[in-house]
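Several structures are given next for inspection.
Heads up, the next two complexes both have chain A, just with different partners, chain B and then chain C.
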Partner chain A sequence: MAYSDKVLDHYNNPRNVGSLDKNADNVGTGMVGAPECGDVMKLQIKVDDASGIIEDAKFKTFGCGSAIASSSLATEWLKGKTVDQALAIKNTDIVNELSLPPVKIHCSVLAEDAIKAAISDYRAKQSKKAPAEQTVA
Partner chain B sequence: MKTPIYLDNHATTQVDPRVLHAMLPYFTQNFGNAASRNHEFGWVAEQAVDKGRKQIADLIGASAREIIFTSGATESDNLAIKGVAEMYAEKGNHIITAATEHKAVLDTCKKLEKNGYRVTYLPVKGDGLIDLDMLREAITDKTILVTIMYANNEIGVLQPIAEIGKLCREKGVLFHTDGVQAIGKVPVDVNKDNIDLMSISAHKMYGPKGVGALYVRRKSPRVQITAQIDGGGHERGMRSGTLNVPGIVGLGEACEICRLEMPEEMKRLRYLRDKLRSKLEAGLDEIYLNGSWEHRLPNSLNLSFAYVEGESLLMGINDVAVSSGSACTSATLEPSYVLKALGLGDDIAHSSIRFGIGRFNTEEEIDYVADKLIDVVGKLRELSPLYEMAKEGIDLSKVAWARD
Partner chain C sequence: MTRDYFEFLELPRNLDIDPKDLEQRFYAFSRKHHPDVHARKSAEDRAQAEEAAAILNDAYRTLRDPIKRAQYLLKLEGFDIGEQGTKDVPPELLEEVFELNEAIEESGKGEALEPFRVRFAGMQGEIDTELQHKFAEWDRARDRAILAAIRGLLNRRKYITNLIAQTNVPD
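Now for the complex of A and B:
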């Protein structure tokens, strides 16, 4: 299979590889896929408490080159966005940017799922934290 | 050293220049039809075909009259299985094969099932070999054919062919073997192994594509098959169609070279294969061998690199031609059915790479491939959430994965 230049670029120079502290209140972690399906993506966001802007994003992916590129691109896009803006990222945006062929569309879907899972984890932590803060106050 | 490096010799092989040299005159000056009995052109072609037949027979311990030429091993498998099924339909309707056979055998058996035949697909053990006791128990008085491959095309394991042949002979059941990966690589003797029918391909042994043969035993027992291609009655009525004379010359020459050079070649390929494995194992943790090590072709290695997906691995070694059992590299998007039949998880199949070392590979190439793989696997594991989790001591089999 021929890969697009952008997929090759992300594969050869993946952006934002790594892990954030998954126990931190302002870090949301999304893990999607399964090893037996050949794809597992872990995507994390770190949100600035004051501004609500995603200040950092990291990923690790087990999967084909297109899956690696999709998640690498997602972390690039997430940084600097608000959580609501991040939720607007669609898998089709990733497909277009990376020129993914039809058989690789599921990689982009997985990346969108990973973004949503990370945000939902972040929001769950925030809503748990909020009542606690009120009690202290 | 030139790149890309070809390490996919189970898929096909380069034509040996000596084979090509032998073939060339049969395209131009000696272009006759081997079935033309009344002129020089035909006689020259027929002589060449006779020589090819003898060269093939000599490699497998057969007699020349037991060789039927075909277009390749897929046709040979079809002819053997369907030809026996049709010819012996009155004796029985049961065929036994194995789960890890080539699709040319499995799909042929499935076709016969639609036509009222009964097929038993034997499972294989974790090392890829069939269980002889299960085979013995599977044979009934309705069984007409056992078809088990000599060596597997994905994992390179050698089935216990002599034992299977002996058992089939005792039970009076015909034994066909797809010999494609084994012939020319390891000593094969149809009499010692009690093989009744055997499929042969030229392009897996440094011959040309588009030509193959079927060995059909002529005595004790005399095996009969019903032709699947009708026409001019070539090949004693078993396979009609004008003979591919240059192809047959090439197949014959390829067999002769393999026969003469096999002892040396086996040693050399085994050395390279073992070196590749030991270098990789020294440089990387958690790599797993797929299939028996002891019962294996000398040129074959199938490894799984845990926590790394096969297609991404192939992408990282894009100047090395190998195959993966990963779903992403297959047309069906399913991981290898052969690896699954070993009882391995899909994740191990996704992480597998098949190395097929051949006549034209050098030690320098093997060193290069090993170094490159160690580097790429290391990088991809840095990227792998599974490797990270495993290093944290998490049992991946107990994780509740978010599936679609």
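Now for the complex of A and C:
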């Protein structure tokens, strides 16, 4: 099965590979995986506290070309978005952009899951922080 | 054909299967459904026997392999084991697999991977032993929680198999 040019581009030149400090309050980490294909995907977002905008996104994926491309594309799209806008990213957007064939749709699902997991991790950290601030006020 | 492979071979839905017994059943049913036995029967009978022989082959191939057998039973019992089933992989497992992947990536190729091969083979052996225990437990207790544990072990095993394959990549 041939990969689309866009998949190959992301595979050969993955964007935003790396990691952010997972212990930082404004960093959300999502780790997801698909045992059937042996894929693991880590995706992280760093949110600017004042504006609520995602200022940085990093990923590291062990898996097939489509899984790498899906998460690479996801990090590109995440940067500059608010958390709510990021939640609106759908796996079908990734499928369309990368022209993924039906057998690789689960890779885009994985990327969407990773985004959601990173955001929920970020929000969990924020809500843990909030009560402490209230007691100060 | 609505009978599942266990029913087809007149077996209870057990996971701890004696391979000798399974083989004997396979041969006995093979004789029963053999085309020669049905050669003088009606076309309908022959077609049925042919279909039964095909199912028998699939049944034997599936149930003879402990991993395939467990996957098949999980599916029968309503567990979703497709590729999309990503949600309930425990985070510890993902962390572990991620770290192992990173370690492989950093170690280089060829001989450097030998320690990983040994380690992964050991892990797979442990998983198989644990599966064997869970199989026996399921046969005794018929508790769905046991099946959930088996599914978890199968997921972990699949990841380890995949890691082993990566250590076998030529330089």
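Convention: the second predicted complex is superposed on the first by the 132 of 137 C-alpha atoms of A that agree within 3 Å, B and C clash if a C-alpha of one lies under 4 Å from a C-alpha of the other, contacts with A are read in each partner's own complex, and residues count from 1 in each chain.
Heads up, the rule we're going with is that a residue touches a chain if its C-beta (ideal position, glycine included) is under 8 Å from a C-beta of that chain, and two chains touch if they have at least 3 such contacts.
Predicted model, so just to flag it, every value in this text is computed and none were measured.
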Original post:
Between chain B (first) and chain C (second), which, if any, makes contact with A:Phe62: first, second, both or neither?
Top reply: both
**OP:** Quick one: name whichever of chain B and chain C touches more residues of chain A.
**Re:** B
**OP:** Check the residue A:Gly52 against both partner chains and state whether it touches chain B (first), chain C (second), both, or neither.
**Re:** neither
Original post:
So, A:Pro35: does it touch chain B (first), chain C (second), both, or neither?
Top reply: both
**OP:** Kindly classify A:Tyr11 by the partners it touches after superposition: chain B alone (first), chain C alone (second), both, or neither?
**Re:** first
Original post:
What residues on chain A does chain C touch that chain B touches too?
Top reply: 31-38, 40, 42, 60, 62, 113
**OP:** Under the touch definition given earlier, write down the residues of chain B that touch chain A in their complex.
**Re:** 307-309, 311-312, 315-316, 326-328, 333, 335, 345-347, 350, 382-388, 396, 401-404
Original post:
What does chain A use to touch chain C in their complex?
Top reply: 31-38, 40, 42, 60, 62, 106, 109-110, 113
Subject >> Residue ranges of chain A touching chain B (in the complex, touch as defined) >> reply: 3, 11, 14, 17, 19, 31-42, 60-65, 67-68, 103, 113, 117
**OP:** Over in the complex, which chain C residues touch chain A? Could you list them?
**Re:** 81-87, 89, 91, 93-95, 97-98, 101-102, 105, 154-156, 158-159, 161-163, 165
